[in-house]
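In the two complexes below, subunit A is the common chain; its partner is subunit B in one and subunit C in the other.
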Partner chain A sequence: MHVRRIYSIAALNVRVLLSDRTALLWLLAMPIVFTFVSGVAFSGGGGGGDAPVRYALTVANMDEGSRGGELLDAILRSDEIDLLMLEGPAADEEAQLLVEDGDRSAALVIPRDYSERLAARESVTLTFHRNPERMNPLVTRRAVERVVTKLNADELAGRAVVSAHEAIRGAPSAEEELELTRAIRAFVSAEFAGPSTTVAVERLGRPAQSEAPDMGFQHSSPAMALMFVLLNGLMLSSMLVTEKREKTLARLLIAPVRRSEIVAANLAWRFIVGTLQLWFLIGFGALVFRVDWGDSMLALALVGAAYVAAVAGLSVLIGSLSGNPRRAETLSLVLSLAMCALGGLWWPLEITPEAYQTVGHLIPTGWAMDAMNNLLSRGYALSGVIPQVLVLLGFALGFSIAAVAAFRYE
Partner chain B sequence: MSGEPVIKVRNLVKRYGELVAVNAVSFEVAKGEIFGLLGPNGAGKTTTISILSCITPPTSGSAMVSGIDVVTDSLTARSKIGVVPQEIALYPTLSARDNLMFWGRMYGLPDRTLTRRVDELLSIVQLSDRASSRIDTFSGGMKRRINIAAGLLHRPDVLFLDEPTVGIDPQTRRNILDLIKELNAEGLTILYTTHYLEEAEFLCDRVGIMDEGKMIAVGTRDELTESIGATGVIAVRADGLNDALIDWLAALPAVSKVARSEDGLTLNVVRGADLLPTVVEKLAGSGVDIHSLDVTVPNLESVFLHLTGRRLDEEHDEKS
Partner chain C sequence: MRALYIALKDLKMRLRDRNTLVMMLLLPVGMTAIIGFAFGGESGISTVEFLLVAPEEGGFLAEAAAGLLSHHELFDVERATEEEARRAVAAGEKSAAVVIPEGLLDSVLTGAPAEVRVLLDPASNIKAGIVQSMIEQFISYLSAGSAVGRGVFETLDRAEPLGDSEHLALWGWMFMWMRDAWTEPPVSLDTSTTDTDDLNVHAYFAPGFAVLFLLFTMLASAKTIHEERESGTYERLMAAPLSKTSIIAGKMTGSYVLAAIQILTLIALGGLLFGIKWGSHPGATIIMALVTAAGATSLAMLIAAAARTGRQTDSVGTAIILVMSLMGGSMWPIEQAPEAFQRFGRFTFNYWAHSGFKKLVFDDAGLAGITQEISIICAMSAVFVVVAVLLLSRRRI
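Moving on to the complex of A and B:
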């Protein structure tokens, strides 16, 4: 290996790249624009202000007592739900039909004996109908469950006090039981408002005036950085194809330059450009978007280097296999977009089905995003990203070996 | 051919599946010679150059440049060879100087030596004043000249020029041919491929004619034309011709036939141009009043036509 020749080829390619203003736009400007748009979109700080989002829930209250109304009052107090009440003796059937037909996504039915069974200290079931073909706001179900949990706590506490009274003083009269129940409910409500054990979060090691990172940018910055390093890296494959077409690659092979030196130079300059781009975006994210890149710069550097090396190897492989610059660009674009989608750069892999997550981990983006999440969101340091770094280096090695094998001058 | 050959090719074969691109080609090129590979497109010229340039391995046969086997010791062989490809193999967004500096570094030239050599070559190709201009601002002819300069940076033993005048105007072509002549005059051995027979005749000391992968003839132009018995024609329009003069002319060894015409005579000759002074001197000395002389010389076209039954430019005409 002749280092001066490798350096000369690498430096020349960087110069050729930098002479292309469009390439610079995609290298530096577009990632920032996309990060900004995506960050703002997911930050929740848009035109809606601080007003909470409210969801509608269809309800059929068939309860013949008062406890059903109390349950609905508690749901309304959560400030998340608006109730669409169904009236009439067949409201429960109507609710079921509306959901079955897909006219409503979900409905809550309170049974006729709700109050009665509670009074008899028996279990009672509320029915939450949902149509699987409709989008059901998870938040409506969660709100109902939260309210029910609190009411269960009231109920449990009430029964506990009455049982204790029975054991000590004998069974209470109806008036006494009512009084006890009221008292215990007031007590539980007060306890829920100010529980005995709370967790206080104190922020240490940060300047007092420092603002918390914006969660939108906290997600969009690493994802967009990985996406644009991949997109630009793979698109650079067309430069190798252009070299074949314009015969400068053949001329290089006519000079006393080894094939391995040409491949090494092509890997090297792609690695340098990708690394510079990644660190530009990391720096910009930290300074302008206040992104917290985690506790370990070394871990971040290792993840970045391994990922960029994998992208560089794949870029040279595509360039080696392609005979036409446009075909190389099309292939690169399709591969990049597919790898972004499958690797969890556009949405978290955690919310995707198991098979999707498996596919996501067959490609470098899935592992790189995993590593970024470990560093930025899950609080891991170097030890938490070693497996991902090793897998990414494996991808880099595999792609590079394949690129050398597939390398042709025309 | 005299002296130790710089290029020695023996039974070179290159197959691509069923296609035989180069079929048992053999030839030698002496030091200081301009050797032309002449033939239509697809004749195997560029493949032969590619093998000699070490970028395409032959299927069989051997090729040596400056005594070095281009297959077994290609890295050393490549340092002895300068190649000017048919395409403008330069980086269009870089300047002429930056391009030449880059290609010089590929040959391992130290920067100080290289800077001097680049200046020298820019001067030779008359582009010193455009050294800092980007290649994509150059005319076709200027690009061709830089393309040639890039092949000369490391002072090669032999320069391969693969159809370097394709697609350029006549004036630029002439300038490039003159430049090649100058380089050869300084002792550079040149292997020149072309499908323009006039270029081969103008430039080359010897020519190898290729067709369908085979070398069908090798020699100087005269050797080639003589080898097929091709004759030239000298047509004389004159008054005062007589039988004695015609008999004298017919008896000359180079004259194969003499025929009288209405206003003069025609002589079928070998090497008509060489014979012309003798003919003129004899006619003038015999009191003949010469009105005009027209010499038609046999050329490489005649040789190609004779050997293949086709004109060299037929395929270009069909394609164009």
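Moving on to the complex of A and C:
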């Protein structure tokens, strides 16, 4: 195999492609737009990762006493969520309708007899309407639940100390009851302010970075980079078909170029374009979206190279198998979309069923995303992505061999 | 009449093309099937596997935590040493591990400080978050019970020091009282989830993908305006007794009929393959489909009219369609995005088309319930068509 001849064909194709403004739109601009839009969408506002998102909770306070207002004050003091108050005699029904219609994510309804039942030491139920299509209610419900747990502890403490007094020392006088209740509530409040049992969360993997990356972009940048390298790489398959149809490949028959050299050149220029695109997106992600690409650039380079090689192999294979450019484009689009969805580029594989995860690992995208997770999130070095790199190289080899076998000049 | 011939010719050509059929039907159905496989299959979400590291002493609290989570089929809890847990979580084999400290029981009984540690796999944002949330909730209940129990001893002892027999009696009383009190707390939070039983993942995503691929089909169809010119067939058309208006009208009519066929077929396939119930108002569903077809046709025609070549129509049009689909919720549940993001989405055709179909499917809305969506799409279509016709009539197609 003559490297010089391969280089000539590859360099020509790279030059032709990079001088095309439409190609540049898809290679560079579109991935950035997609990374930005999906990053903003999943970061909960597009702000820095250290800025907590505040969700709003719709509230219908139907309580005829004062305890409902105290509960809402406590929720506001927790400083986790904002309250959107509904007024009027039918506010409870309005709240439910707003959630059912999808206009609000969640609503809390405090019943009319809330204060009355608490005063009578009877149980009372708050209703939390949630729209199952949205994630916000998971956050707002937890915030309400924390306040309710504290409220229950306050209420039960007052009742417990009086009942305990009755059980072992007889019924307390009204004055004693007041004093006991005040004292135990002060104790419980102090306990909640500084609980003896705490929960510490330790995220394993990479040590905390000085500048926390935005979690939305931290996921969207690698996923969109892999997606657009795949999409553009496979779409390039149509160029090989066009060359066949326009007989420019057949002309090479009279040139001193072997079939394997033509396939190698086609693989090479797709590999060069894919690599340039990937590193442009990695650089842009790091500089503009503050994406932390891990501690090992060498490992990232190897993963990127193996993935781009697999995509290049598949692209030449599709080009070799397709009879016309439109068929190649359609097949490329079908394969790209399916591989993105199945490989975990659009949503994490961890939330899908086992069978789905198995299918996701029958294609290159599943392995590439695993490698990205190992590098970016878990902070692995090169040794931590060797299996993924080997599998991706296996795909590259398999596709390339198949492409050579399927290649025809016309 | 002449315009109809052009429409019929275009329609025949498109329907004979296998690539068009793949784009029209196979891709939207395939993507809906994949989404269903991911989120709506009978096997459901894979289990949340986490490890529990607990000491021998006070282990019953760890068992209580494990028992609480094991009740839910979503969780799969295994015991491990801390070393094993750290290795498994760091390697991504488990989403999380919960380390119960030696002095947890002492902390609950006496208020001595204790720290429960939750180790999370950094690559697991969802499952690890679920474990963290459940453990925080458990510890919050435990702390509340502990505060009340210790508060009773503390308060009574301060009022009048407790004797040994009172201490013992109080323990016995406390155990029984606490058990009953927390079974039915003074205030409980009842969650009412709307439509959970009827939530069909296919039904949510099918309209989105139908709109997305409808736009792609329409773009390919609108592109024929340029293809006619580029291949020289436009010159032949101009040689025939046809006005430019007839050619444009013919192109639009052909595209619209193709769009109507596609969206109605996808609705039928959605019902047959995925069991989607498109509401109990077939008239409203058909009108929504026809209005959506008009919106997609006019938008694609506008893109083609604004583009200079077929290639430009393809590349710029595809970019516009993908961005609009992302912003408008055709590819993912936009409801989970921040409010500001959703407000931008409302400027897209995709948002209103998806919204109309969702109301038909999930709210069983009739025609009155989707008036807003239909009006907005009709208004958008009118603007798109007028601008497209103006652009096309001013230039040589």
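Rule of thumb we're sticking to: the second predicted complex is superposed on the first by the 244 of 410 C-alpha atoms of A that agree within 3 Å, B and C clash if a C-alpha of one lies under 4 Å from a C-alpha of the other, contacts with A are read in each partner's own complex, and residues count from 1 in each chain.
The definition used in the following text is that a contact is a pair of C-beta atoms (placed from the backbone, for glycine too) under 8 Å apart; a residue touches a chain by one contact, two chains touch by 3 or more.
This structure is a prediction, so every number in the text was calculated from the model and none was measured.
Comparing subunit B with subunit C, more residues of subunit A are touched by C. Touch criterion not met for A:Leu287: it reaches neither subunit B nor subunit C. In the superposition on chain A, A:Asn373 contacts subunit C only, with no contact to subunit B. Of the two partner chains placed by superposition, only subunit C is touched by A:Trp26; subunit B is not.
Using the contact criterion defined above for the overlaid structures, shared-chain residue A:Arg121 touches subunit C, although it does not reach subunit B. Once chain A of one complex is fitted onto chain A of the other, the partner contacts of A:Val3 are absent, as it touches neither subunit B nor subunit C.
Residues of subunit C touching subunit A in their complex: 18-19, 22-23, 26-27, 30-31, 34-35, 37-39, 41, 43-46, 86, 89-92, 95, 104, 107-108, 111-127, 132-133, 135-137, 139-152, 154-156, 158-160, 166, 169-170, 173-174, 177-178, 181-182, 184-196, 199, 204, 311-312, 315-316, 319, 322-323, 326-327, 331-338, 340-341, 358, 363. Residue ranges of subunit A in contact with subunit B, taken from their complex: 2, 4-5, 8-9, 12, 15-16, 19-20, 246-248, 250-258, 409. On the side of subunit A, the complex with subunit C involves touching residues 22, 25-26, 29-30, 33-34, 37-38, 40-42, 44-46, 53, 96, 99-102, 105, 118, 121, 123-136, 138, 141-142, 144-146, 148-153, 155-157, 159-161, 163-165, 167-169, 176, 179-180, 183-184, 187-188, 191-192, 195-206, 215, 219, 326-327, 329-330, 333-334, 337-338, 341-342, 346-348, 350-357, 373-374, 377-379.
Against subunit A, in their complex, subunit B makes its touches with residues 53-55, 75-76, 78-79, 81, 83, 85-94, 98, 102-103, 105-108, 150.
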